[in-house]
Amino acid sequence: MPSQNTTRQHFASDNYAGVCPEAMHWFLEANASGHQPGYGDDEWTQRVCEQLRQLFQTDCDVYFVFNGTAANSLALASLCQSYHSVICTPVAHIETDECGGPEFFSNGSKLLIAENESTSAKLGKLTPDAVEQLVTRRADIHYPKPKVVSLTQATELGTVYSVEEVRAIAAIAKRRKLKLHMDGARFANAVAALGCEPADITWRAGVDVLCFGGTKNGLPVGEAVVFFDKALSEDFAYRVKQSGQLASKMRFISAPWIGMLQDDVWLRNARHANAMAQRLYGAIKDLAGVRVPHAPQVNSVFAFLPQPAIPALRAQGWKFYDFIAGGGCRLMCAWDTTPEAVDAFAGDIRRACAAA
Amino acid sequence: MPSQNTTRQHFASDNYAGVCPEAMHWFLEANASGHQPGYGDDEWTQRVCEQLRQLFQTDCDVYFVFNGTAANSLALASLCQSYHSVICTPVAHIETDECGGPEFFSNGSKLLIAENESTSAKLGKLTPDAVEQLVTRRADIHYPKPKVVSLTQATELGTVYSVEEVRAIAAIAKRRKLKLHMDGARFANAVAALGCEPADITWRAGVDVLCFGGTKNGLPVGEAVVFFDKALSEDFAYRVKQSGQLASKMRFISAPWIGMLQDDVWLRNARHANAMAQRLYGAIKDLAGVRVPHAPQVNSVFAFLPQPAIPALRAQGWKFYDFIAGGGCRLMCAWDTTPEAVDAFAGDIRRACAAA
Amino acid sequence: MPSQNTTRQHFASDNYAGVCPEAMHWFLEANASGHQPGYGDDEWTQRVCEQLRQLFQTDCDVYFVFNGTAANSLALASLCQSYHSVICTPVAHIETDECGGPEFFSNGSKLLIAENESTSAKLGKLTPDAVEQLVTRRADIHYPKPKVVSLTQATELGTVYSVEEVRAIAAIAKRRKLKLHMDGARFANAVAALGCEPADITWRAGVDVLCFGGTKNGLPVGEAVVFFDKALSEDFAYRVKQSGQLASKMRFISAPWIGMLQDDVWLRNARHANAMAQRLYGAIKDLAGVRVPHAPQVNSVFAFLPQPAIPALRAQGWKFYDFIAGGGCRLMCAWDTTPEAVDAFAGDIRRACAAA
Amino acid sequence: MPSQNTTRQHFASDNYAGVCPEAMHWFLEANASGHQPGYGDDEWTQRVCEQLRQLFQTDCDVYFVFNGTAANSLALASLCQSYHSVICTPVAHIETDECGGPEFFSNGSKLLIAENESTSAKLGKLTPDAVEQLVTRRADIHYPKPKVVSLTQATELGTVYSVEEVRAIAAIAKRRKLKLHMDGARFANAVAALGCEPADITWRAGVDVLCFGGTKNGLPVGEAVVFFDKALSEDFAYRVKQSGQLASKMRFISAPWIGMLQDDVWLRNARHANAMAQRLYGAIKDLAGVRVPHAPQVNSVFAFLPQPAIPALRAQGWKFYDFIAGGGCRLMCAWDTTPEAVDAFAGDIRRACAAA
């Protein structure tokens, strides 16, 4: 009998999960304090900024915005003018899922699509060669001048850049006078996978600006934009304000981060999600009819299922996304995904595949 | 001895207040439900939209965005192209406090400043004559074509448009083919003051789009954009997404509205804030050296205090804004302002004025 | 001995040519008339608009702008909002050579790249299938909604859409509620090649807006934006003004068009340029080491020359563009290209290839 | 009998005049040279840039664009980001007659209106005090940060800033870290009036960027943007290209400037226009019913005529603009305005006033 419950967990997106207890604690704590100044002039916002500076072991500039579209688009807009361009992969979220957000916030900066590596281990990753090729292809004013390289860490295809890989791209970026932006919607999952210091994979490796995702990691709403090169954040507060990203009751955006950062809850959440993906992978990778091209590096399993199994699973109430036509499914775990949910889902996959 | 406590309430802005219990209840409720679809495909978002349609007694289109800058700017951008213009007063929030947000979101629409009424009862309000004058002043392509009238209800100076006043402006707007936008950051306070149906002061009076403020009324974050003319909201969801205003975990933006709308909590909150302003007004209006040009209509008292009293009060820890040079102070009450806080503040004002 | 002269003609671009005598006549004529109203309120502008309406046999709306970047970008911006998208080929000028102009004028509309036909006859052309595939690929708000199909007639690779091909694309566009834009930088050359009425390949085939190129056809500066669907040109004059495309002394932009349109000079110029490309093609197509994949349809020859021949020709002073790495050269003829220049160039190519 | 002829001159705008012979000579010369590289890689463009550097006695960066809207808007956009603001007078052309162009090109930079001097000699001019007042009024992120001061030289009301006045404004600009932009649509007339070196009133006085008007001075089309601070023009060529302001056949925009700059034709044209305004002023200032508040400083007379005289003059075919309701007329002379036309116009004014 297929599993059925009212609080069914899903594998569609890590944004299906709610707020983790530690974040909620500080949301409530912030509310218990009565009247507080708005727009970030409150104690929690200052405190979280300090925590982030400690986490990254450097005097970085931190801004909080409402979501990832805004975080990435504002960060990129601060790195380039409208007639400049941003180099990214064809699967970059800024290219495929922001409805033209980066072009809107920058008033026209074009995204230049670099060929991505297609060997399984490097799926969805930029390479120094691809960057170099794009930068040197044109040098006339009829083509927008490349100014930024944008990496997604972890990538949209569940892969992770090693410290060396980020450094290599940063080296070519520096040589070509490009700034380096990191879309870190799942930065926590990448750091958990790498087991490195956050600083190692960011500013020490040459990253200028990081969009540090909070929502998928357990917050209700909100991302942090972290400028490691403070020269780049000049007047960024005005940019945030003008573009509708400044919360008047900022404490409700910032305070929950305290809970995430204390005792490395953000890492614990990420490690758990990553582990659940491993569990799911282990349970389905050898099933007949199932093909999982590469072992999960973070919190997602990209699996090819037999075509009839997919509607069958959905008919049972399971939610998950296709990532490619022809049976490619993205199965995503969250900070709160339970082993029981993984096992139930894997069991249903097994039965659906057997029946297919 | 001046009042002193750790959870001091202030009179600076209604956004100093936290989240009201009813909103918090539904925030927690939404979180208790485990995995839920993102981007508004959840039960609470659908439910709140329905509640708002019932509240306004019409089949309106509702969108949730993060703050007032975005709500107003996106609504205006949907009503005009970059070469069009928006008529408002010189004290309109969109003119004075959005850091160019409306111009940014619309890619250049100019705000045309209409002369506002200066008699005390009409402070900060547009009049049909002022609109007519602006619309007919120029008709050449060297000047951006007026396309929208924007009212703030209640105004930034604490006045309220009567139903008749909105209707009169809507009539001239219609005659001149202008759309009518209402900035309702304090819409609740205005409705509470008028004692009318929300529909009466909006679509029945000729308003095309309302930005219904939730944050100042007791939410942690979020405003609703309500299109009464559904032809105007075509593809508005795309606009919201592109501009970084679509919450992935939308339930945390929408669910708290359920608590606000049930049992008219939004009105109760607003009535309370308005009553606290009346209480403060009653306590200070006759003090020697104090001048309050008009009785409060909503939740603010605009008072002229003796110059030395102002730094004295601030030295005691009270926070409030100047609204005009030379002693003009804006004293703002919130949904949670207590009578005790009002009395303590009024007492300190009395003593500071006596000493001045 | 290689040909050498001081007024050497080149094959780099049709914009290397100057002003044709008929256009110059009217430029001078307009100047001889003393004081004239600005911004298009002059007799020539009105007259040219009427001529264009007669040429296209329909009551179209005509606007003059300074160049092709502006013509295409403004036309596209009038057809879509920032969160919409435009379908074009990877070789479309709006994609490859406008430095992000369309994205700038529209404040973010994304260009969606359709796979183009690669069989030689259809090089650089969109097909109905490619449009259909792009339109149906995504239907969620995270992806900008397709709103326009943009064709280039003649294409950047020197091919021409037949009337039937335009109709087929217009049919799918209509079915999918897309508008149809035609970049006609070399519209004249296409019409000359097709031998059809201008109306047949534009509005009668389903085109909504045409950017009719004047500069490459013999004008000093200026393009016409022709709206066949007048509902789409509402307030376009304001758009032109705001974006810096309204000439104060408009007569100098418009009057030269009179000379182009009288006695079909525009077509004669285009036929001549096309004939020169045929002459060049005939002279080089069978040379050893030369490969010309397809016979010219308009005024360009796309030829692969032996690698050493290319710098040799340039060393002799000839100017022409590479269109693809590895020896692909674009050889472009203009309204004033002489048979003697073609023969001299072909002779030098012959000698350079023989020496290669 | 009123004067009547077919080539009637007017006093509406200096853009009613055509092309001066010296500019036309070089337009024709440029055309006689056959094939020439586009986009400014031609000999005339290089030559004019050099001429301008000599004229200004400094190594400035020069760009040619099509009109004044673009020149000013692009220059301003290069000096500020969307969340910055530009200080100007309420009568500045960028505020009153560009249909939101500056806001469009900058994606939202707000124009802050400084109170202008109202004593007749300073009509339409900014003062250091007004700039200081605006800069210090607000310093919070809810208001766009002032970044540029924009002067019009000569002003829209026909007044001229002295070298000292520009210096005084530049001093406050420098102190407040503002850049200084000069809208020089009638720069020639101002220099002619001042009798100073162009360098004295621009970079030596602290101007960072000058928009040097060519059209009103005798060109068919085109303005020069002159960056005295070359750090500010980084990548400006890309900005020009993206925004549709790069002429493909650039020689027709640049070559006519050679004629203007040789033998100081630009100054001679301006001096003549200024002298014609003096002649007109002399002929009408003492007429009964006529009031001319201040003697012309450049090529315009701002005169109050008896109300009935105005339609009477227009009925006779004269064209001129109102500059203020209630009889205020702007009477503008051009480089080609003849003494006979001035006398004929003055005579008709005299008769119309006598009859009024």
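Letters A, B, C and D mark the chains in the order given here, with residues in each chain numbered from 1 onward.
Criterion: a residue touches a chain if its C-beta (ideal position, glycine included) is under 8 Å from a C-beta of that chain, and two chains touch if they have at least 3 such contacts.
This one's a predicted model, so the numbers in the text were calculated from it and none came from an experiment.
Set against the Cα centre of chain A, the chain with the most distant centre is D. Taking B-C and C-D together, the pair of chains sharing more C-beta contacts is C-D. When the contact pairs of A-D are matched by residue number against B-C, B-D or A-B, over half are shared only with B-C.
Computed from the mean C-alpha positions, the centre of chain C lies at a distance of 34 Å from the centre of chain D. Averaged C-alpha coordinates put the centre of chain A at 42 Å from the centre of chain C. Mean C-alpha position of chain B lies 51 Å from that of chain C.
Multi-chain contact residues of chain C (touching two or more other chains) are listed as 82-83, 98-101, 104-105, 107-108, 141-142, 144, 238, 241-242, 246. Residues 39, 81-84, 107-108, 141-142, 144-145, 235, 237-242, 246 of chain A touch chain D in their complex. Within the complex formed with chain B, the residues of chain D that make contact are 82-83, 85, 96-101, 103-105, 107-110, 141-144.
The residues of chain D lying in touch with chain C in their complex are 7-10, 12-13, 15-19, 24, 27-28, 30-38, 65-70, 73-74, 98-101, 104-105, 107, 215-216, 220-221, 238, 241-249, 252-253, 319, 334, 336.
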